[in-house]
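The following blocks contain the structures, represented as structure tokens.
Next, two complexes with chain A in common: one pairs it with chain B, the other with chain C.
== the complex of A and B ==
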């Protein structure tokens, strides 16, 4: 965990850790895991709101809880940039981390795999592997997606690859 | 003057002649471009007849050379190739040209111009799915091969279901004992997909081979994985063993990994060679073969399964393998005895001046394996022996009464609402 900022570290310690090692094909155990995922997400979202650091919405897109969709946003130069957020729970979860996708940014940055999957390889995958099965979706957002947005959105904005929605609207008129 | 005229007439004649041949070539090339590529008809039996029109004459010659006993049985085999990229597509072409019975291809990607530094795919196929493009090319090369393609991601729950179902489909051949395929070849470029293949093969007890090329494009490996008998992919990821690098930190193709047609071609060649040896039963099948192109070093090794593997299906296969040991030993012994009896009877040496006698290996092996935990005098273990590893992961809290999934979902929705 060296190299991470103190805010992220202290946030991380407050997200409840998970205990059940189960994937989507494990029946009742998966339900148990899903409950733990919800608890961690509720705690993390609540914590973000109370710290005035709300930055994502996520909810299960199917009853089995294997597909998740939502939104995430990042504020750069006092402007809010919002993106659709989605991912599938892989069949080998939690041995492998979810592959977080921002489909709108597909092809706009090389820090991404095909289909808008953000690159988690270096900064997040080793952490996930070491903390399996204690990390869940909330941890993936906190340690995977948040640093990616912080690193990539400013570059994307400054290079003109993405425009703020107000700018895009005025230029279209 | 006359001499000059004669020379010019001769030149004109030569030019006329070359013009005629040039016109003929133009005609040939245009007609070749116009006509759709001629497809050969299917071949019913593989013939060893040496004529130009026989696509299998050189392969059947393997029998005459004493390498393969029965080459034609290759038509009974099904091979699944997961990932039709730099290695998978070339492996598919090799197996197609060898006349494999049936190929199952899995990939969710499309062909891109960035793939043109590798073999197999052509620029005019850009935009097609890799599976479609591969089936198109492969069916032209050898119409005898039954091709099935699946354009999907095997790491998703739904994709994985389709994947395992397709492996169990026995409609091509009913003689298979376990699944409907003889071998699965993993030619994917990421950890998630490898873990998915590993999971499927561990659950089905399906033998498979893994392949990989390093992100710097100068080394690669192939590995044979027999669930329960050899290490599974979760027991010991190959790169950790080979270089001490954590497999999970591997970059993928999309994010600036290098690739070379040479390394990919070599690895595909090693993979299919091992496949042919495994299927047709010749030579030695390598359990692991590395390729370091910078030093042209080819390390080989064997890996036993990890009794503390995190994959439960792997542990189940390991138990089954241990349970089947007596039967395996008995058949091995019977085979040995059959071989021994077929040899000439009578003592090998008439005199035994030094009273040398042959002792049975298996008993010594049994006694040493019991002592394998004992250390030589003077040595102590740094870490305690983990006898109760398997019980360690039992969840501590079991207060499932208070938490209800619907209640939790609503709670998150409420947080999401404002």
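== the complex of A and C ==
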């Protein structure tokens, strides 16, 4: 589990693991799986809140729960930078991890695939594969997006690629 | 969509909507707290835990401590520091506060202990105590890891309530056990009848207990016994007295002691301290004095007053009978002589009447008895004649003695002064004599007065020699010499009346004194009596001597006068005869014969006279009564007698006398004469020198005497020497004393001076006489010889010639 900082790792271990191995096309099993996903997310959110480390809001965009949208944010130099967040549950899920997209930052950084899909570390995929089907959406956020934001946002802010919305407003004026 | 899923969606939504809690970093919090403290909003001391992650207020700490103590009952501060996670220093501080505020807590050796903890312990102890019936504090303390004093202090208030037992010398006992031990102690102490050291009793009880318990390890301290015992004593369950905490004297013993002392004392009216010691009364004197106030405490014995009365009666009896009594013979044997003397001081008959004397502590002698003894002894001393052995000592020692006496005098009456200075070499003699002279010096002053009147011419004459000698050493008057004389005499008597002598006399006079102790023991009655009597005896002896001395003075004067006259007479004769010897200077053999004759006849009589008189004089001087008849009698002495007499004379006189006696045995008259003169000088006599006038008168009287003798002489043989002598007087004017052997020579010498016819007559007569005497000496053998006839004829012839011879002398005398 090297490659992540200690805080991330300790948090990850506290997120409840999932048990049902089912994709969006598996019908009732998927529903079962979705319930577990929710429980994990609730625990993760509660954990973040209690640690004063709340950093995202997501919700299912369709009733099947295959598409998720929301926001994520990062505080840098006492300024909060907020981005839109969306991803689809792939058909091969949970063998394949969902691809998290930040459309606002598309084209602004190297560590991103076309369409705003973030580049994850080399360690992510083996770990996920190893923990299939126990890892779910919450784990993907925790292991994928959170470290990415912590690494990329300060660089983007310093290079001036992104600006705080207040600054953007003033510069617009 | 099932409901559960919806529900979860809603919950998730809700969870995301919920407000996230605000969280500050540690660094922020520390900064905040510092800020608060700076702003004085936190105005009390804020403590932090050992980990440094937490702040804690002192109140909180106290609360935590209290909670911990309440929970455990007993907490070590070190443990407390670990538990609350606060530094030990703060824990200690706060623990002190906690303990100070709460009286139920105590801080002991770094531990906080609550009363409830002790209550629990007490209950535990009680349980164990009821099981074992005995627990030692030391054991408890070791178990609880606290000091036994603490255990004692904690358990004592709980005794009787929580702990049902009794505390005794660091041990806890159950009441039942205590009762049992108490019964044992009571039994043991009641059983004791003699004074005992309680610790021995306790140890035997201890052994007994150990046996009963089968060595069960229940050990009982002596202190328990002791305290139980003192409890019993206080309650009166055992009777007796306790001294020094351990010496137990049972009342029954004291009672028995008292009984036995009482009975003995009332029966015998005395009791010896030894007896009381045997009864274990350590201070018998005080004991008896406190009990019998009328008794008399003595050295070895406690006596009833009646003993004194009895003794008094016995003594009174003895006094009335003019006798003596040994108190020890009257008193029981336990009385020592010291006791007796102490009792005697209490006897009224001895103390008041003054009729008795106490001697050698226990003997009471009636004064009349002593007087009797003294008188008898006095008589004995009268019989005692002094032998002048003192004069045998060499002159130098005598001199020393005189010196010693002088020193004695200078201290006594200061008449002789400054003489001790040149007497240093004589110190030795002085010391030897000191004892005696000191004793005699007491009597000296009384004698002085009597001696003063003795300053008589005769005495001083006698003392001339002494004075001469003394004057070279000292400037003194005649009196002091006289005194010295007396002193010497006194010394003499002191050495004469020795203690031993008195002892012997007393024993001879009073045989019942014998066996009263060792004679040589200075404390025996005889010795004491002797020392008591000796000064008195010496005094009376001296007084008597002094009186006698006075008496003798007169006799001596007479004697010496007579003596002088006689000596004069004889000496003149002697000198006269000596002169006649000059005629025979040319005839040595005859001279020797004549010398010898003169010595034998005349000189010996002079010397005898001299010696006898000197001896008598000497005796008189010493105060010895001499009979007059002795003086008158002047028989001739043998040479041995002379020597002994000469030796009895004092000092140098003796030496000179001896030499004179020796000269008498010699052949020279002149040697004797010088010796004689020496004696006379020594004894203070005057020897008259023959002068012309005296010689003539002496010669004349001698001639007259001889003439008358010749005229009246009838014996023809005896006639011849007288005639010859008379002829010598007539012809030479010399008095010749010739022996028979020398007659022939004397006759032949007359030849020149006489007419031939007259000489012829004389020669014839002489030859006839010689032949007669020869015949007489030869005729002694057989009487019937013809010699008797011849003797007769010779005698007749001589007788016929007598008238012729007489005429020869008498005629010439007449012419």
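In this section, the second predicted complex is superposed on the first by the 170 of 173 C-alpha atoms of A that agree within 3 Å, B and C clash if a C-alpha of one lies under 4 Å from a C-alpha of the other, contacts with A are read in each partner's own complex, and residues count from 1 in each chain.
Everything below uses one rule, namely that a contact is a pair of C-beta atoms (placed from the backbone, for glycine too) under 8 Å apart; a residue touches a chain by one contact, two chains touch by 3 or more.
Remember, predicted model here, so these are calculated numbers, not experimental data.
Chemist: Give one word, clash or fit, describing how chain B and chain C relate on chain A after superposing.
Modeler: clash
Chemist: If you stack the two complexes on chain A, which partner ends up touching A:100: first (chain B), second (chain C), both, or neither?
Modeler: After superposing on A, A:100 lies clear of both chain B and chain C.
Chemist: So, does A:38 touch the first partner chain B, the second partner chain C, both, or neither?
Modeler: A:38 contacts both chain B and chain C.
Chemist: Considering only touches as defined above, state whether A:143 meets chain B (first), chain C (second), both or neither.
Modeler: In the superposed model, A:143 contacts neither chain B nor chain C.
Chemist: In the superposed arrangement, does A:60 touch chain B (first), chain C (second), both or neither?
Modeler: Both: A:60 reaches chain B and chain C.
Chemist: Mind working out whether A:52 is in touch with chain B, chain C, both or neither, as first, second, both or neither?
Modeler: The second partner, chain C, only.
Chemist: Which partner, once the models are overlaid, touches more of chain A's residues, chain C or chain B?
Modeler: B
Chemist: Looking at A:91, would you say it contacts chain B, chain C, both, or neither? Reply first, second, both or neither.
Modeler: first
Chemist: Do chain B and chain C touch any of the same residues on chain A, and if so, which?
Modeler: 31, 34-35, 38-39, 41-42, 45-46, 49, 57-60
Chemist: Can you list the residues on chain B that touch chain A in the complex?
Modeler: 109, 154-157, 159-160, 191-192, 195-196, 198-199, 234, 246, 248-256, 310-311, 393, 395-397, 400, 403, 405, 408-409, 411-413, 415-416
Chemist: Which residues of chain A touch chain C once you look at their complex with the stated criterion?
Modeler: 31, 34-35, 38-39, 41-42, 45-46, 48-54, 57-60, 63
Chemist: Can you list the residues on chain C that touch chain A in the complex?
Modeler: Of all residues in chain C, those touching chain A are 1-2, 4-5, 8-9, 11-13, 15-16, 18-23.
Chemist: Spell out the residues on chain A that touch chain B in their complex, using ranges where they run on.
Modeler: Result: residues 19-21, 24-25, 31-32, 34-35, 38-39, 41-42, 45-46, 49, 57-60, 64, 66, 70, 88-92, 95-96, 99, 110-114, 117, 119, 121-122, 125-126, 128-129, 132 of chain A touch chain B.
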